[in-house]
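One chain, chain A, links the two complexes that follow: it is found with chain B in the first and with chain C in the second.
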Partner chain A sequence: MNFRLLSKRLLFLLMVVWAASTITFFIPRISPKNPVRERFAELARTGGFSPEDLEVIVADYSQRFGLDKPLLQQYGDYMWGILRFDLGISLNKFPKTVMQLIYESLPWTIGLVFITTILSFILGNWLGALAAWPRSPDWLKNIATSFVLFQGVPPVLLGILLIFFIGFKLKLLPLGGAYSIGTVPDQSIGFFLDVLRHQLLPGIALVLGSVGGWVISMRGMGVTIQGEDYVTFAEHKGLGPRVIFRDYYLRNALLPQITGLALALGNLVTSAIVVEGIFALPGLGTMLNSAIRSNDFSVIYGIVLFITIGIATLMVIVEFLYPLLDPRIRHQ
Partner chain B sequence: MSSVTLSNTAIRQPNKVTLFFRYLRRNPSLTFGLLIMLFLVIFTVHGLLTINTKDAYPLAVRPKMPPSFQYPLGTDFFGRDLYAAMVIGMWQTAVIGVFAGALGTIIGTIFGFISAYFGGFIDAAITSICQILIPIPAFLIQVIIAGSIDKRSVTILTMAWVVLLLAWMGPTLVIRAQVLSMKERQFVSVAKLSGMTSLGIIFKEILPNLLPFIAAAFIAQVFQAVFASFYLAIVGLGPVREPLLGNTIWSAQTQGAFFNGWWWWPIGPAVAMILILGSLALINMGMDEMANPRIRRSE
Partner chain C sequence: MKPVLKVVDLEVSYYTDAGRAKALDRVNLELNAGEKIGLVGESGSGKSTMALAMMRMIKPPGRIEHGQVIVDGNDLTSLSDEQMLKARLSQIAYIPQGAMNSLNPVTRIGAQMIDAIKAHSPNMPKDKMRARSLKALESVELKPEVFRMYAHELSGGMKQRVCIAIGILLEPKVIIADEPTSALDVVTQRQVMETINKVQAEIGAAVILIGHDMGLMAQSMDKVAVMYAGRLVEVSTVKEMFTAPKHPYSQALIRSLPKLDVRGVFQGIPGLAPSLLRLPSGCAFHPRCQEAMDKCKTLRPENQVLASGSRVTCHLYGEGA
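Moving on to the complex of A and B:
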């Protein structure tokens, strides 16, 4: 692979990470709000200690979190922390670090996001390719077009409608939660199926909300490829429509779609965070929700930074994989 | 089939309104989008004229009432008339969307112009800033900004500003690309040769030709702004006191509306939001087709 391109991409990744972490560092510090004071003022209101002690506690915590040092030194410490995957300590669940909390909820979100991304990628591209294929039947094209209509609707709203119709009216699937109340998490198949049942509605909501984008871009790609010489040539060679569709048309149309995969993943993560909140699923989204509700700022900033860096890294990885898939780029 | 008869009347050029309606017939997504939007506008305006604004805020009516003749959309746990709340919420959504959308488009257009017209270092700086910011999920940064503002002082306009801060990159890149291609067209060279000033060329030659793209970018921005403010509100970062559609869904969810059987509480705002975003997406698709007929769909 081209070494210069590689280093350029890595530099770009570093720039994105640096920009994201700088924004997450400076915005809260520009604002006049003092997160530590706010958090403990809330505790003081609900009772627990007297308001006079508030100042002492705030001063102590500011020192412990390094908030009394000069801004530049704080920035340096913060950046050094990010390099070591240290995102600080949770204000609310005190002894736990933000990283520990993220590790606890990450598997849930990854499971939901990866499965739905892959499903909607396959479904959307397949439908999009069929919609642009002249020989496919009309009803298939209509199905593909109807998915396009869902494209503008956020998955959360589809989720609410799904909860209402399937969970609430028909009582087919649970309204929310990770597993049925009263079950004890274990390694059994029964528990696994229970979890799956609870993940079904949010999964469907996310897939329905993201298929439309793939259908649109794949349909556009398909139309372009039909005019290519190699497709005409394959037809004249007398190859069957199935072979042309699979080996000449789909394969070539699919390539550019892979570049969009990382960007789509970014959008889906955002949607998944919100969907998790509505379905009360464990995961980064619910963690973010509860952090927002309890003013746990280090957790809010930590999650945001973690997801941003994760998505930027995935985007660069996809770009590295691309030359491996497309020989035309590899040999340039 | 039927025989063709030539009429004797002189051929009249149809007026602009007729032409517009004829165009709409060819562009179904624009038509549907505009129709839904028209319905929403009538609903909101009619609502604003008939409701008592106080009913949209807590402790105004009897709580937890299912939809009835008196309260068409029911009332919620806090004693808000959900119909009044929806009307106010739609109005506020419109304010956020139009404000952030318009400002984002204007800023984007200006940056796009500067970037494309002057080129060189300025162009490189603006485009690389856009490219670095685009992979960062805007929603997450907005969470940080909205979280850093004092919750009690968040208003509808603050929401619009938060959304706006990360909403100018899209139009910047679109307008830049268009200006770049337009700069090389012949009519610009002709204008240059005939001694027009740079400002004259920008305002009299390039800008009028860009209008369809700017309009399309505006609709896209309104869509993004409504979407972003909805997401912020639904995770609980909206202006807590206002009946913004996302806020209503958020409070329904935190009170366990479905578990308690108050299904009407989140459903109304959800359907309203689907209609708003759906019509904006349809209009956006239609505008794209209008601005760039070459990407017409192949159906």
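Moving on to the complex of A and C:
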């Protein structure tokens, strides 16, 4: 891996961070809504203080959040904050910072959505590769291709169907929530198993929803690779099917799938919003959802910025993984 | 001399939607150790099918209907699939047209040589496998550095040499080279042919070279076999083939070659090769043959050995003529 490429990619990453943070800085400021006024107007409607005091309170808070300063100075403060991983303070959950909120919800999302994305990548590619392999038994090919059916079912519907049949009718797994009501989170095995039980249904919904896509694309790649001369020559060399499958067929068919994985990771949060919503789970998706409902601008744009940076970083990592798998792009 | 390769009545069919295509029709061939034979014929005449059938690599919808391929006394068609895996490369090796992509792009050349050895002798120590691979690279005149390189780092000629090196790794008795020089320029073609000749002499294997290039055949082969519509119509020594070809198809083939001393219009062979689905009755060549007789249309000619040593399948020769 050469130094020039590394610095080029890191520079690119910095540009992405800069562009994303600039956009997330300006969008809420272009918006006609003043988040502070929105918040307190809502409080005023439920009673507590008179509307005349509202303007005083808004002016006071605007000063505290630095919203009364000139735009350029605000921009400078904002960028300086980002460099120190400071995304500001939540308007809705006031004393908590946006970073604190992200830290609280991120592990849930990584634990569910990230792991299921990886899991369905492995499962889908394995099944797809076997589905295209002429020596696979027919039942295996049929199982593999039947996963493609689920690809057409919207994730929302899939989640609701799973909750209804497995959770509600059969009562096999809990209906939702991250852990049983009444338990206190701790580090014990019991709590861990309880969480796992609750993550099973949303996990199944996510895997079923995405595994089919991997199966079809891998099957297509597999059929192409089998026609390649090097696979035929490997047979002429007298290699066993196991070695041909692993070293000649799978390794080559997997290459474009890695790019697909990077793209799938980019969709992480989109699926998190849906699935965490249906199964009432904590996580980035739920956090983003509630922030949008309560006009919590700093949390919305904090999460958006965080996700953008996270995905850009993942992309760069995948790009550095790629030459390790394919020697042909090592020298460029 | 006992022949090292004996192909007896080999027959291969492809089952297509339009019917059964006889790609190889009762082919007989004998080859002595160290002998080099060129297999020529137009596209679709069954050259590659014959190579695949000898390796037992015919895939569905194709099938070896019957016949035997005897290498060094062992009938390959009677081996189990497991035994056949072992026989490939160690008894009979296939060298593909390697200039394109016969090498795995994502693993090193060395790894692709080692895995071939490993498949046949899993217990051989690693350094011995390595030494053997390096020796094979040396005999095809490649630098030892190639062992650590990838296919995309090699030129077309070098890739072809690597394929040859892999083919001779286990010193097989028979080497089948399927158009090893196509897609290469003439200088590299010559170098590759010299390499094949050199390694062939080193290990004393019999060579079957498949190709279209008659000039190449004349330069480096001992014998030439001509195929037409899945049948072997003539097997002669190179000298015999180029000076006095016996079968009318061979004669037409030789006539069609451009000559340096005679300026003129190229002579083709009138008509087209027949469809394998609907072969003409009798001799498959009779509709295009200028010397066709009545019995050519109904009676299929038998294989006969002439006084010159040529083997020919034609009614013009033998007792009936």
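Definition applied: the second predicted complex is superposed on the first by the 325 of 332 C-alpha atoms of A that agree within 3 Å, B and C clash if a C-alpha of one lies under 4 Å from a C-alpha of the other, contacts with A are read in each partner's own complex, and residues count from 1 in each chain.
Just so it is clear, a residue touches a chain if its C-beta (ideal position, glycine included) is under 8 Å from a C-beta of that chain, and two chains touch if they have at least 3 such contacts.
Computed from a predicted model, the values in this text were never measured in an experiment.
Asks: Both complexes share chain A, so when I overlay them there, do chain B and chain C fit or clash?
Replies: After superposition on chain A, chain B vs chain C: fit, no clash.
Asks: With the two structures laid over each other on chain A, which partner does A:23 touch: chain B (first), chain C (second), both, or neither?
Replies: First partner only, chain B.
Asks: Determine, under the contact definition given at the top, whether A:81 touches first (chain B), second (chain C), both, or neither.
Replies: The answer is neither, since A:81 touches no partner chain.
Asks: Angle chain B-chain A-chain C between C-alpha centres, in steps of 10 degrees?
Replies: Approximately 80 degrees at the chain A centre.
Asks: State whether A:141 touches chain B only (first), chain C only (second), both chains, or neither.
Replies: first
Asks: Under the stated touch criterion, which partner chain does A:282 make contact with: chain B (first), chain C (second), both, or neither?
Replies: After superposition on chain A, A:282 lies in contact with neither partner.
Asks: A:325 contacts which: chain B (first), chain C (second), both, neither?
Replies: After superposition on chain A, A:325 lies in contact with chain C alone.
Asks: Examine A:310 and indicate which partner it touches, taking first as chain B and second as chain C; both and neither are also allowed.
Replies: So A:310 meets neither chain B nor chain C here.
Asks: What is the minimum C-alpha distance, in Å, between chain B and chain C after the two complexes are superposed on chain A?
Replies: Between chain B and chain C, the shortest C-alpha distance works out to 12 Å.
Asks: Once the two structures are superposed, pull the chain A residues common to the chain B and chain C interfaces.
Replies: none
Asks: Write out the stretch or stretches of chain A touching chain C in their complex.
Replies: 228-230, 232-240, 243, 247-248, 251-252, 255, 325-328
Asks: Quick check on the complex: what are the chain C residues that touch chain A?
Replies: Touching chain A from chain C are residues 55, 57, 85-90, 93-94, 96-98, 100-107, 111, 115-116, 119-120, 150, 152, 163, 166.
Asks: So in the complex, which bits of chain A are touching chain B?
Replies: 12, 15-16, 19-20, 23-24, 27-28, 30-33, 132, 141, 145, 149, 151-154, 156-157, 160-161, 163-164, 167-168, 175-176, 219-220, 223, 263, 266-267, 269-270, 273-274, 277-278, 285, 288-289, 292-293, 297, 300-301, 303-304, 307-308, 311-312, 315
Asks: Which residues of chain B touch chain A once you look at their complex with the stated criterion?
Replies: 131-133, 135-137, 139-141, 143-145, 147-150, 223, 227, 230-231, 234-237, 249, 253, 258-259, 263, 266-267, 270-271, 273-274, 277-278, 280-282, 284, 295, 297-299
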